[in-house]
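Chain lettering (A, B and C) follows the sequence in which the chains are written, and residue indices restart at 1 in each chain.
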């Protein structure tokens, strides 16, 4: 794929990504916001593919756009918040702080990008980011974290069920 | 007054034009579709496309400014071909299923439009396009309209990695199977969305049930998928097929007892994910009207149904790919394809071999498709709690056990390779015996009540 | 490589165009005679009572929680499983290392499954009964919606 095409694909994903992200914040209907989030996840996955992180791209779709999203939707539908409830309690001060925080994060990232510069971009190998490459690393370098993840998942499942049952 | 014997209805003769049209369509449509796929898919890949432009058109695409544009057009054409395949195939299948259902239930089924009622699915499609498109006033207008798109995209995307033959797959990604698993997410989101946005109780219950069902059965399906990956050592669909062989004992299903069990688990999970009987409770007519489809009408409704019948092909094709040897032709080694292809534009012999591999794949897939249809008209629907406990208490633990067994099995096979061959031959023999016994018992059951096996009058 | 993933983009575009095109063609030929009765939500011929956006059976929520955890497990296991064969063919020592790693990972998760099972969270029906015999004795609106589901 040529540089031009890559650039074109980058913009194809970036513009909807920003639009969808704004949609998450701006829309009042929680389900619409969740749908925007799905769109954002998909565009993000496209950008991951451009970065040759194939596994991460589809992990993103499988775990976030799939599993987590279904959970989100279930929660939103479970609570069934009406628009009246959502509409009244909007605190302007918090919105201001939120916007300030966004600008701050953006500034930090922008500085970091400027400091890195295009020269320092490393060239990656042919199979970088593929499933097998990640699998190999998980078997060697990150064996312990990999095992720890399963413990984490165990704690997560127990914790989630206990908390969920207390609340409902 | 004694009841008069009702006269047998006179058999209406199909008009000649309708007969010609339906027979031509029945032959030409599937044949044409497969031919287009056979030629278009390899030809529009960059390697062959470049070769074709260089050899036949005597131009060098490497110097073109719009080279990527050419590839994009090629991809869009391919996507269009596969979208049409999906649409037409699910249409034909909707007719076929109604015919089979008729025979299974001792009735005739669709028989008016064309010979054997073949044209009924075209009539359906025209009718559904002509129907008024209703969106409930109380519904969430935007999400209600958006839901079919999610389902449609999620369905069409499976064709990106779904193989049809040796070189006949749009893309042989190194994440193939993982891609298919993750793309199911879109369908779930679409179903939940359609259920919720309708603002109808039936639709909401249907959507919720369906989402819970698809989501639950994704776990055993995901675990079952891992076993072919373990045995092939790759996630690419074509790679998994290449690791198998043309003869039954070279298929993954028979090479490992755990894979044999997991094939059935996978198949069951796929039935549940496609909302097929006995897992059709999301759209259970007798209790939920039409589930998440209740408020949909016209073409939007048609889109959901297109996906539902199209899913028959994709689910069967995936099962054939990962367990049943895919397109492998008996006694044809993988190297033969490369040898025949040569370096330049492939010769006729190669195309012939590709066509044969596609035929093998389609035949295997159609067998599974028919099993799914057969199941639908044989099994009753299960309850929600049964559906959940079947998944979490039986399929998930068993697939975990099978997964662990395969880990050990692979180590054993690496030490003693003959083990796999012996198991393959043994399990194949056992399956053949079981199939024969099943057929005999079925025949006995039919004859015991004084009926006879009658395959005439289609 | 670009072609392989470009296919995903192209298929997405065509899928959307397919649905949108069908609807557009339909718009040109189909009738459009709106009416209050047609736009009503189907509730077996009655006027619909209330909205369908009410609190829902939390069982679905629990299932989704359990699902998320196992889905993450599957997602993490996939890359390891893809290289397992290569490790096994490397020799007995690496084979057993790889085996014990995956065994440990899976067993810890199976413990989670057993725990959930033991706590009765995989039961679909039981929860409704325990809720109705709750100490406060008040069948809440939640319980009612549960029964409906």
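By our rule, a contact is a pair of C-beta atoms (placed from the backbone, for glycine too) under 8 Å apart; a residue touches a chain by one contact, two chains touch by 3 or more.
All values derive from a computational prediction rather than experimental measurement.
Engineer: Work out the mean Cα position per chain and let me know which chain is farthest from subunit A.
Structural biologist: Relative to subunit A, the chain whose C-alpha centre sits farthest away is B.
Engineer: Does B-C or A-C have the larger number of C-beta pairs in contact?
Structural biologist: The comparison resolves to B-C.
Engineer: CA centre of subunit A versus CA centre of subunit B: separation in Å?
Structural biologist: So the centroids are 31 Å from each other.
Engineer: When the centre of a chain is set as the mean of its C-alpha atoms, what distance in Å lies between subunit A and subunit C?
Structural biologist: About 19 Å, centre to centre.
Engineer: By the touch rule stated above, which residues of subunit B touch at least two different other chains?
Structural biologist: As it turns out, subunit B has residues touching two or more other chains at 68, 72, 173, 178-179, 181, 196, 204, 208, 211, 215, 234-235.
Engineer: Residues of subunit A that contact two or more other chains, please.
Structural biologist: Residue numbers touching two or more other chains: 1, 5, 54-55, 59, 62, 66-67, 70, 74, 77, 131-132.
Engineer: Residue numbers in subunit C touching 2 or more other chains?
Structural biologist: 2-3, 5-6, 8-9, 53, 56, 60, 64, 66-67, 71, 78, 81-84, 86, 106
Engineer: Please give the residue numbers of subunit A that touch subunit C in the complex, ascending.
Structural biologist: 1, 5-6, 9, 12, 46, 49, 52, 54-55, 59, 62-63, 66-68, 70-71, 74-75, 77-80, 82, 131-132, 134-136, 138-139, 143, 146-147, 149-151, 153-154, 156-158, 160-161, 164-165, 168
Engineer: Quick check: in the complex, which residue numbers of subunit B touch subunit A?
Structural biologist: Counting only subunit B, the residues touching subunit A are 67-68, 72, 140, 142-143, 146, 173-175, 178-179, 181-186, 188-189, 192-193, 196-197, 204, 208, 211, 215, 234-235.
Engineer: What residues on subunit A touch subunit B, complex-wise?
Structural biologist: So the residues of subunit A in touch with subunit B come to 1-2, 4-5, 8, 29, 31-32, 35, 38, 54-55, 58-59, 61-62, 65-67, 69-70, 73-74, 77, 130-132.
Engineer: Please output the residues of subunit B touching subunit C within their complex, sorted ascending.
Structural biologist: Interface residues on subunit B, with respect to subunit C: 45-46, 68, 71-72, 75-76, 78-80, 82-83, 87, 129-139, 148-149, 152-153, 155-157, 159-160, 170-173, 178-179, 181, 196, 198-205, 208, 211-212, 215-216, 218-219, 222-223, 226, 229-235, 289, 294-295, 298-300, 302-303, 384-385, 388-389, 392-393, 396-397, 400, 403-404, 407-408, 410-411, 414-415.
Engineer: Which part of subunit C faces subunit B closely enough to touch in the complex?
Structural biologist: Subunit C residues touching subunit B: 2-16, 18-20, 22-23, 25-27, 29-33, 36, 38-44, 48, 51-53, 56-57, 60, 63-64, 66-67, 70-71, 74, 77-78, 81-86, 88-89, 92, 95-96, 99, 102-103, 106, 110, 113, 117, 122-125, 148-149.
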